[in-house]
Structure formats: structure tokens, C-alpha cells
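Chains: A, B, C, D and E, in written order; residue numbering restarts at 1 for each.
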């Protein structure tokens, strides 16, 4: 599988990005959405498509190969309200800069990411992050420099407003 | 006192003027009104004033009060306030400039007189002692001790010795009121074999013109002393004040 | 600097006879003689100012207070005076010479009765 | 009386606080008299009043409900 | 199970990128085999080397072989190689000789392990400021000057004085205690910490309050010396007010220096009171409220992970990405990011978890394991056949309790068919023995007489399950923590107590029956209520994790309050970011946005809720597993200071709008006056609105920047620019903004004379009334929650006295709501700035993700159950603190009423059981019968049936 970005592909085909979106949407170009708002396309399919439009195929190498990328459920969730399908266009412009990835000059995940997280520090913050992740399907390595976890909070006698024991 | 009206005009300018003169503006605006300065100031309460209040009055533009309170002459500018001030506010400098804003002739007589006497001749003595008198006292006392205490027959109290290592200052009062107090110092310098000298010019240690906040006179005094040190080619200028 | 001076003082008077006041060094209280206060004419205020220094000195229970400069000497001496000569105020040079055994009879103006007659150098030279 | 009176005390300890506290007393080796018989409960609020009364009737000298 | 804990470890090297890091970790030697150590403590008892105990702020001693503290996790000893006599001088090995399990391993070698992870969360915490360098406070010189952390240990029952409050100098009880705030914070002279440490005001108040409980008798006094009291968190102001009304004195002053007291006992402080008088006061003890600094290893961590630190050494983040660093895949949280309190740390820990989860969601579940067990034997109707396993715990139990006598005694107890005594019942080989004996003797109930069920019950439940027995058929009898350890001097009585305990355990376990953990099918979809920054960010994070979201907003546009704000406190412009976020939300295929929406009904519970939503003219039914509530708050309309009488008197948001609209009058003004706490911190709204101080300071900076000649005044009660917001406060002062403190009882007075606005206020330092001319008067109007009545009614959740939605626990569950499956985010929970709203929104997505990540959710089996004795008297309905019980009426069949308990809501507290007069409702595992059996066993030595 090859991972593509709509904008890039549009450039190669010299068409508007919406055109590419429409191709995918209409099924002309068989592609599956992935989590990072990218699409997975079978290499053969892309070659077929290029041939169809008589476009040089040499650019294909520029895209990342991604053979085991976890693709999101491609069957787009049916909208409940469905009043304004346009505004819920799933092929909207990519990555406009809010979450980490975009904020940080785009991370391309070449492979399926590793499903584990390292938490450095075993205080109350580290413990909470660890629990959240471990309970939602990730393996967590917790690194603590002292002999036991608990951090500063363990040293507190009581906490307000309840004056409960901090333990 | 009546309420202060603020806001319509630019408030008093004294504080801003001082800030222009100080590096970082002396941080004068940064006050958190925490009062650590006043808590540790020995002058707190004198003249119903304390460092925090003094600074605050300046900040509120109460220039008249700030520049007229005699409290500025009771602050010794010891800098204990800055020592703990979380914002390192230079209140002593504010005090200094408040002193300066007094008409020269209205400043405390004692300080004024000492400064003026120091300006009288190049000795810089706050008691107005001239060069000849100083040299005479030193030689006279030295002779007396060399004779009375034979172990120190070789002791010297050089005056105007070219190229000495140390240029020594002496408090203005000692040669005049208690010349014997100079002797222990000479003895110590003699025993350690120091290469030192007095200068007939610029020998007096203190600088009342600084206390008077008379910048020009202060500068003159310092320059006179520095020139004396340089003229004798001394390396170290030792001031006991 | 502060440590160097303490070294000298301890050598001169003996470690056991040195009492530091509290607070000390950079955080010590000003005695009130400096900054021109001594000459400014506000004697009553100056004495009030010096009250903390007085308390500090008395708290040390020391017999002698060493002052670094003439301004301090005058103020601290003055404070001792109004507190019934609670201590003696000396210059460091006086103590150095005393410890070296070279302090003559005329150089002892600020020593107390307890030390006035100790190890007098050439007592006959008294004037 | 030759023998010292030794009371029998029933203690209901809330799992989340008093029972944890008693555990901590152990870890800290705090010594106390061995007269209490601890019963762990999920909340001190789950102890029915009639059980407390029963306990006293059956000879308990004291009942502690800790939470 | 899916957590691997590496203690005594540090990061060596980091390679790779987001999604695939390879991190080398150095595991230092512990010298104790954690598989063998049973934490009996014999080693420490015998270890001859005493070391300052850093856990007790060096006030107590520990040994060179130690556990950090009694409840330490892991509860395993470790040898401190810097202090161990053998490791430093080659002789001793006492611990090794006495260790009953052979756990000591002096050959333990440091190792470097390579770990593959997709993301990293850095939470190394903080370092408490060390006041030794400050000559003015005499710390380290005056014995009765302690840091707040030391004081915390002094108060603690586990501390160096066993919780008896005594001062260090002469070990007498201090009566008068002083706290000095801002030691090592808000100070750029004695240290370089210009920021506010955020937590010290509250911990000082807490310490003073707790001290009141410790001290008794006459003449006690607690004084807190402060600059500004910063009680800006939820319920903090109320706590502060209570302290003020109690016997804690708050003195707005800063002592210059602490002097030693008489004979070096206690301290003397000199401070200046509000009238400018110097006061000299003696205290028995002074506590320095030390600030929080970035951890010492922050620069090394930053270098290794290639992340940025800010000018104070804390991790640098942006307001719109509050836990993200410049390195993709590396997130920061806790006090490492900024000084912050426990709830904020816990919240932002979840924020970081959410960020990690959203980049790794493609691999969710790829590395986690779930355990499977053999099918359970049905023993429900079998006669009890009880196996009793008595642990010697090395000698921990056996030294005090006669375990042989105990075993003999147990053999004669009813239903007991097997008794064994083990050296360590918790050891792996004993588990095998237990399983074997269960088979061999057909045991169907087990009693483990050992340590506490709080740590070991899961282990034995697991053993039973492995042996095809229901996990709830085991009963632990605590003969160590609650017997041998606490009755060491009375072995005979301890043995008697142990017999009674085992007897009680047997009596109880005989009445145990297999329990099923109920499973709830999870609808893997979230409902987000409220489309402000918190709600939108929550929805995006949920969508990125692969979950469908329904985002309902009662307005016709998303964005909420953010539309009215110009920039964040770090200066990031809000409008462009807001528009991007809205765009992302509206175009995200996983997010279904419904505007003009109203929640009409709620059914179900965690994992499976259903609601009807009114949207414009249609009603939509939705099904969801969790809900994030982010209904927001708004700026109130001031009722004082002549608001509404003149256009030049405006609120912060109105002022911001004027700035946006380029109102030139503002730039040309001669004078602007801000009044703080307008409608906050008063009778009606006794809480702090948290955002207004920073807002006012930012606006003042803006005015001074566009027009340096303008006179800008901020009238305030306490400036609450917490954290590095303090930099803004400092900047405003430096620019010449004048801050005048006023008192709640002496508020400023606003008048309009000849069409000119004047504000009269009493200036407390010069002690004179000041009259301020104002071209503009900007009021810091209180933030009030949006109406939540219907929501509270529908979800049976709660609000506090101020109308803000409650969290499940103020410290430990600040994002969960008291109703399972509900999470709270943003200002509906409490007023908060943009960065914190976003953080909580993301945190809610993480918390929700815990539930949404599974198809089914297992609930604990300790739940209430309605029996056929219930006659519908409904006494229990009101008693239930979790709203888990409902009254129903069976009109068709029996015509009777009865209660129904919802296991998803029930926490098994059993208040219902105690309330019910006829056994109509019971708690599994803690039935009245079982409790009664234990009481009977303890008292009568006869089993009563």
C-alpha cells in the first residue's frame, strides 16, 4: 500500500484537490482513509489510475510505502442529523494546525506506530497518565528514578479541601 | 490630608526622572508593596515614613512630600532594603535623588559644612585641615613615637612618597582631634613592611559631598583624591571609611 | 572579605572570644552612623535608628564591639554612651596592636577598664 | 480482682480509610492492645444498627465503627 | 498488567520519531530481588547504617536498605549503594544474613535496556526550592525554621515525629506558628524565580488548618505572612474564607529577616503592619512556604528528548497545545510543565495521555494483553469445604503469633477440610500448592491468613481462578498488619486474636458464594455537550482516537467564549486558531455536529446511554457510551460600580471588543481604571473567577504599549497571576501600571461628575484616599456558569454551591463526574483560561477513551442486589449516595412496588443494606449474614446458623 496526501496527488495530476477527493469519494480511485487524514492506495491501483490519465508514474516512489498501516474503518459513519452533508465533507483540507502533529511540521508515520508509551516520572501526574493509557489499550513503561513511585504527593500529610490523607 | 487626584494629568515626575538616571530604572516600578524593606529598615517609623511608603508616594506622584521629608537624611542608604527586596528595587538611590532635590542651602548644616570644608582645599578634609597642617601633625606624632617607643625608631609615616604600593586615607578627624589613634595603624603597616604613603592632597577618607547628594562636589572630591593617588604613582588606594 | 575580617578578629581575640551578632554580614543592620546621618543633626532620630543595633550588640553579651569605620565608631560609641556604657567600641587596629603587645599608653582611648592596663607598651611614654 | 479486665471490642473498618489506616499502623509498627476484632466493610455506612446491638448483646464490651 | 514499572531507572538515550522511539534506559541496581522480597523489613531492622531519610525531608533516619515509605509501590526494599557499608567498604552483609527469602543480591548489576515506544510522556515533577542560600531566613541555622515540606512530614503520622506536632529545637509542641509565603517564588533578586509557584498559598492554609486540629489549649496562633493570597481554584476561596473565620491570621506583610528566639528556641520576626508600624513578634516555629522549581534533571531530559524549556527551566508548551513539545510524540505534563497543583497535574496527565493516544490509536491494543482463565467449577450448591492457608511471613507473623497452634486450631473449625502453614503464602510456589490442594481436597472456599487484602487479595483471587474456582470464594485474614506487627509484645494475646480472626474468616467464607462480574456492552461513541474550546478539543481528540462523536451546541455557532477573546496569556492570537479548530471539527467525518441543540432526555448508564436531542425542528435519538459535559460559563453583568450608566464603563469582554473594533478613543485616553473582583469573592459569589487578574494585566499592558503616556490603574484585592502569568504582572508594573489594593469592606466608589468618571479608592500604603479620573472604567465581571439545571436533572449529576458542575473528586478525579461515564471539561466545571480549558477537554477525551476502548466493560461484583424481601418502602432510595436505586411499580403482575438497583451506578457501599429494615437489599460479598457470622465468630466461638 502507498500512503498519499490529497494535496500532493492533486499536484501530480495537475487537478484541484477537491477533484481528487471526488475521485476517491465516487470510487474512481480506490483509496482508504487512515487516521492522519491520509489515504492508502494499492500501488497497482495508482499505476492503473496514472495509466488511465496518461501521467508519468515516476512520482509514485515519492510517496511512502505503507504495507501494514492500520486503516480506519472506511465505511464512513452515517450521519445522524445529515442536514448539511457538505459541511461534514470528510475530504476537507488537511491539517490546519491544531493538534500536535500539525503543530510540529507534520509527522509522517511510515509504519504502524508502536502501541506503547513511556511515562517518565512516577508522581501523581505520571501515575494518572499511565493508568489512562494502560486502561485504554496501550502498554506503558513507567520510568521512575527513585526506588518507588508516589512522588511529592506521597510526602504530603493531607490534602485540602477535604483534609483527606494524601495517600 | 485631602484626597489625591490622579489620572487626568501625568502624575509627578520625580520618580520617572530618577528612573531615567538609574540602570533598569532602579526597578522602581516593580514594587509589590510587600513591605519586606520596611520590615527590616531601622529608619522605619522615623518621620512617619518607611521605605515602602516613600517609594509608594513617589509612585503616586506625591513629589512634594517625597522631596521635602527630612526622612531622606535619616536613611543611611545602607541597602538592607535591596538585600531582601524580591524585585531588587533601588530605594537608596531614590533617597539620594530626593536629598538632591533639596535646595543646597536647606540641606542639613552638618553635612553641608563638612562638604564645603572638604572643598576648601585639596586635602579633602571634612574639617578643612590644610596640607601643611596635616604633614606637620603626621611628622610631629611620628617623631614623638619613634623617640618614646624605641622598637619603632625605624617606623615611617611617609607623606607624598612617589611610587608607594598603597595610598593611605585617614579619617579627617584623627589628625585633628585624636592623633594618637593613627599610630596603631602605622605600627601594623610598619611591622608587615608595607610600602605605603599618605598624600598631602586627598588624604581625607570620607566624602560628605556624596552624603549631601551634591554630584558636582562629590565628583570633584573623588577626582582630587584620584589625581593625588595617580600623581604619586600608587597602585592601591586604601580607604578605611 | 567578611570571612577574611573574621579570620583576623578571631586570631587577635581568640576564637572563643569572638561573638558574631545576628543577623550578620550582608544582612546585618546599619548602625545609623553612615550616609551622613551622623552629621545631619537629627540626633534623637539617629538614636532611635540605632536601637536595633544596640539590642543586637547587647544580645551578644560581648564587652567590646569592633567597628569598621569612623562613622560607625562614632555612632556605636554614642549608642553605648546612652545605654550606660553597655560595651566598649574599638577600632580593629587597636586590638591588633594590643594582641601584638605594641599598644602604647596613649593609643588606648577606647579600651575599657578591663583592658586599659593590659600589656601596656612603654607605659612610661604616657602623656 | 486479680485479673485485669480485658474488653472484647468489635471493630468495623471501612476498606478505604480505617482499614487502610490499620494496615499503615502495622507497617509503622505502632503498638496497640490486641482486644479489637477487625471486620472489613466496604463503607462504615453498611454496618446495620441491629448487628451493632446484637454484638453488644452477645457480650462485646464495645463496638467501633470506623470510617 | 499492561504497565511495566522500572524503578531506579533513568533515560540514557532517545532515538527515533513519533510512533517509533527507541529509548535506552539505565536500570540501576536495587540489590534486592523484587520477586523474592516480601517487604518484611527484617533487613532494615538489622542494617547497621543509618541514613538521612529524604522522604521525611531528612528529618528522620532510614537505613541503607530501605523502602521509601510504608505504602511504597513497589513495596520492595532497595539498597542505597552510596550508603551501604558492604558496597562502600566491603564488609557487613547483615541484610543478606537475615533476609528470610534470600532476596538480597549484591551481584545485582546495572543494566541498560532498550525500549520501543510510540510516544513519551515526561512527568518528572519539580524540585522544592532550597532556602539555605538565603541569609535572611536563617534556614539551616535557626532550628525552628523549617520548610513547608519538612512541616508536612512533621504533621504526618508516618513522619519523623509520628504525627505529634513538635518543633525541632526542643521537641515541645509549638503554639504559635508563622508561615512565610513566596520563599523562592515571585522573586528575581534572591533567586531567579520570577514566577508564582501556584500551590503555596493553598498548602500553607491547609497546613494552618490541619495544625489547628493538632494543637489544643490556650494561646495557639497560626499566622500566614503573604503578599497576595492566591486561592483561585475551585472551592479554594471558600477554604480560605473558612480559615480566616477560624483561627488562622492572615497578615499582608513580609518579614525582612527571621531572628532566632530566646535560647535558640523559636523565632522572632519583625514586620510592618498595614499602618506602617514595625511589629516584633515571637513565634515558636516558622515555616517557609517554599516554591516549586523545575526538576534538576530538566536540562538533561530536554537535551535527550530535544524539547524546549522556558526561561524558568520548565518545559515549554503553547496554550493551544498545552502538553505538546516541539518534538512530535513527546509530551510533558505535571509540574514539569509549570508549577501546578494536584488537580491540575492529574487533569493534564490525562491530557498528555489523550495526546499520546491520538497519535497511536492505529496500534491501540496491539501490545496489551488480557488474561484468560479455565472455566469455573460450579460450587454454588456444594457444602463448604474450606482450605486454610496460614502464612508465617518468614518470621513476621511466626515470631509473634504461634502459627502451629493456629493451624491446629483451624483444623477443628467447621467445614475446614485442609490446613496448611507456609513460610510465604504469597510466593509463586505456594500458589501452585494452593491450586494443587484445591484439586486434591476438592476445596471450594479458601481462607488465607496472612497480610492485608488491600494489596494481596487480587493475587489469591487470581490463584483461585487459575484453579477453576470463582475469585470471590477467598477470604483474607489480616494477621500481620493488624496483628503480629501491632502486638509484638503480647504473643499470647496475639495468637488468641489470630485464632478469632481465622475463625471469623472461616465463618464468613462459608457464606461466600460465587459472584459474577457483570459486563456492560459499550457503545463506542461519545456525546460531547457544548461546542466551546473544551468541547471541540475533546471531540477532536476522541475522533483522532477513532471514536465517533456527537457534538451538540445550543448556539448556532461553535466556539463559545473564545469568539470574544483576543489572545491567550502567552500571546497566541485566538481567532485564527479558533477558526481552524471549528473548521476541523465541522469537517471531521467522525464528529457529528448538531447546533441549536438541546438535550431532552437521558436513559441508561455508563457504556450505554441514550438521549433525545432537540435540534431546530427535529428530534434526534442518539446512543452513546460516555458523555463529555462542556457547557461553559459566561461573563456576568456587573451590578455595581455604575455599570450600565455610561458606555465608558465596560466589562473585560466589552473592552476586548472595543479593542478589536479599533476604538481610537481607547488609545487616546488619558486614563483607564480597572476594578477587579466585580461580583466575585463576595457574599453572593464567594469564589474567585480565576481569569480576571491576568486579563486585566494583559489589557493594561496593551494600553501602556499603545500609549505609554496613559495613566493605567488596577484596583485589586489580591493579584492572582499564578504561574508564569506573574511575568505579565511584573511587565505591567514595569510599564508603569499602578496597582492599588482595596479591601472587600472598603470598595472603590464610582461617580460621574460633569460627564466625567471618577473612582475613589483608599490607598493603603500612604493611607490616603485617592480619586482617579477615568476615561474608561473596566470591570472584571465575575464568570458565572451557564444554566445547568436541566442537565443536572437529566444526568443526576451535581453542581457546587456556585453552580459549577462537580467532579468526582477534587484532587484525584478532577475530570470524571460523580456519575460514571460522564466527564467534565472547561468552564462549566470552574472558570479557567483557554489553555486549561483545552487541557481539560483533551483530558476528558482520555478519560472517556478508557471506557470507549473496550467492547465490554466488567464491573466489580461487589454490588447491591434487591432480594424478594423488598416491599418497595423506598427507604434506600434516598440513602444511596450514587443514585443507583430507583423505585418501580409492577402494575401489571403483582401490583407491588419494589426497588431496582443499577449495577453500573452502584459502588457497593452498602448503605442501602444497613438502611433496609427487612433485608430487602443486600451487597454481594458483604451480606448482613456474612457480617453477622463474623461478629458471632468473634464473640461466641460458635457458628450460628
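List of remarks:
We take it that contacts are C-beta pairs under 8 Å (C-beta built on N, C-alpha and C of every residue); 3 or more make two chains touch, one makes a residue touch a chain.
This is a predicted model, so every value here is computed, not measured.
Counting hops only between chains that touch, chain D reaches chain E in a minimum of 1.
Listed here as common contacts of chain C and chain E: B. Of all chains displayed, E has the C-alpha centre closest to the centre of the whole protein C-alpha set. Taking the mean Cα position of each chain as its centre, C sits at the greatest distance from chain A. The leading chain pair by number of C-beta pairs in contact is A-E. Note on chain placement: the centre of chain B and the centre of chain D lie 77 Å apart, centres being C-alpha means. Chain C has its Cα centroid 20 Å from the Cα centroid of chain B. Centroid to centroid, with C-alpha atoms defining each point, chain A and chain B lie 71 Å apart.
Looking at chain B, residues 40, 45, 80, 83-84 sit in touch with two or more other chains. Of all residues in chain D, those that touch two or more other chains are 20, 24.
In chain E, 71, 136, 157, 257 are the positions where the chain touches two or more neighbouring chains simultaneously. Touching chain C in their complex are the following residues of chain B: 40, 42-43, 45-47, 70, 73-78, 80, 83-84, 108-111, 113-114, 145, 148-149, 151-152, 171, 173-174, 178, 180-181, 183-185, 187-188, 191, 205-206, 208, 211-212, 240-241. Those residues of chain E whose C-beta lies close enough to touch chain D in the complex are 70-71, 157-158, 162, 452-454, 478, 480-483, 485-490, 493-494, 496-497, 500-501, 504, 862, 908-911, 913-914, 923, 926, 928, 931-932, 934-936, 938-940.
Contact residues on chain D toward chain E in their complex (touch as defined above): 8, 10, 15, 19-20, 22-35, 37-43, 45-49, 51, 54-55, 58-60. Across the complex, chain A meets chain E through its residues 33-35, 69-70, 72-73, 76-77, 79-81, 87-90, 92-93, 96-101, 103-105, 107, 109-130, 132-164, 167. Taken together, the chain C residues at the contact with chain B in this complex read 26-30, 32-42, 45-46, 48-53, 69-71, 91, 93-94, 96-97, 100, 102-104, 106-107, 109, 121-122, 124-125.
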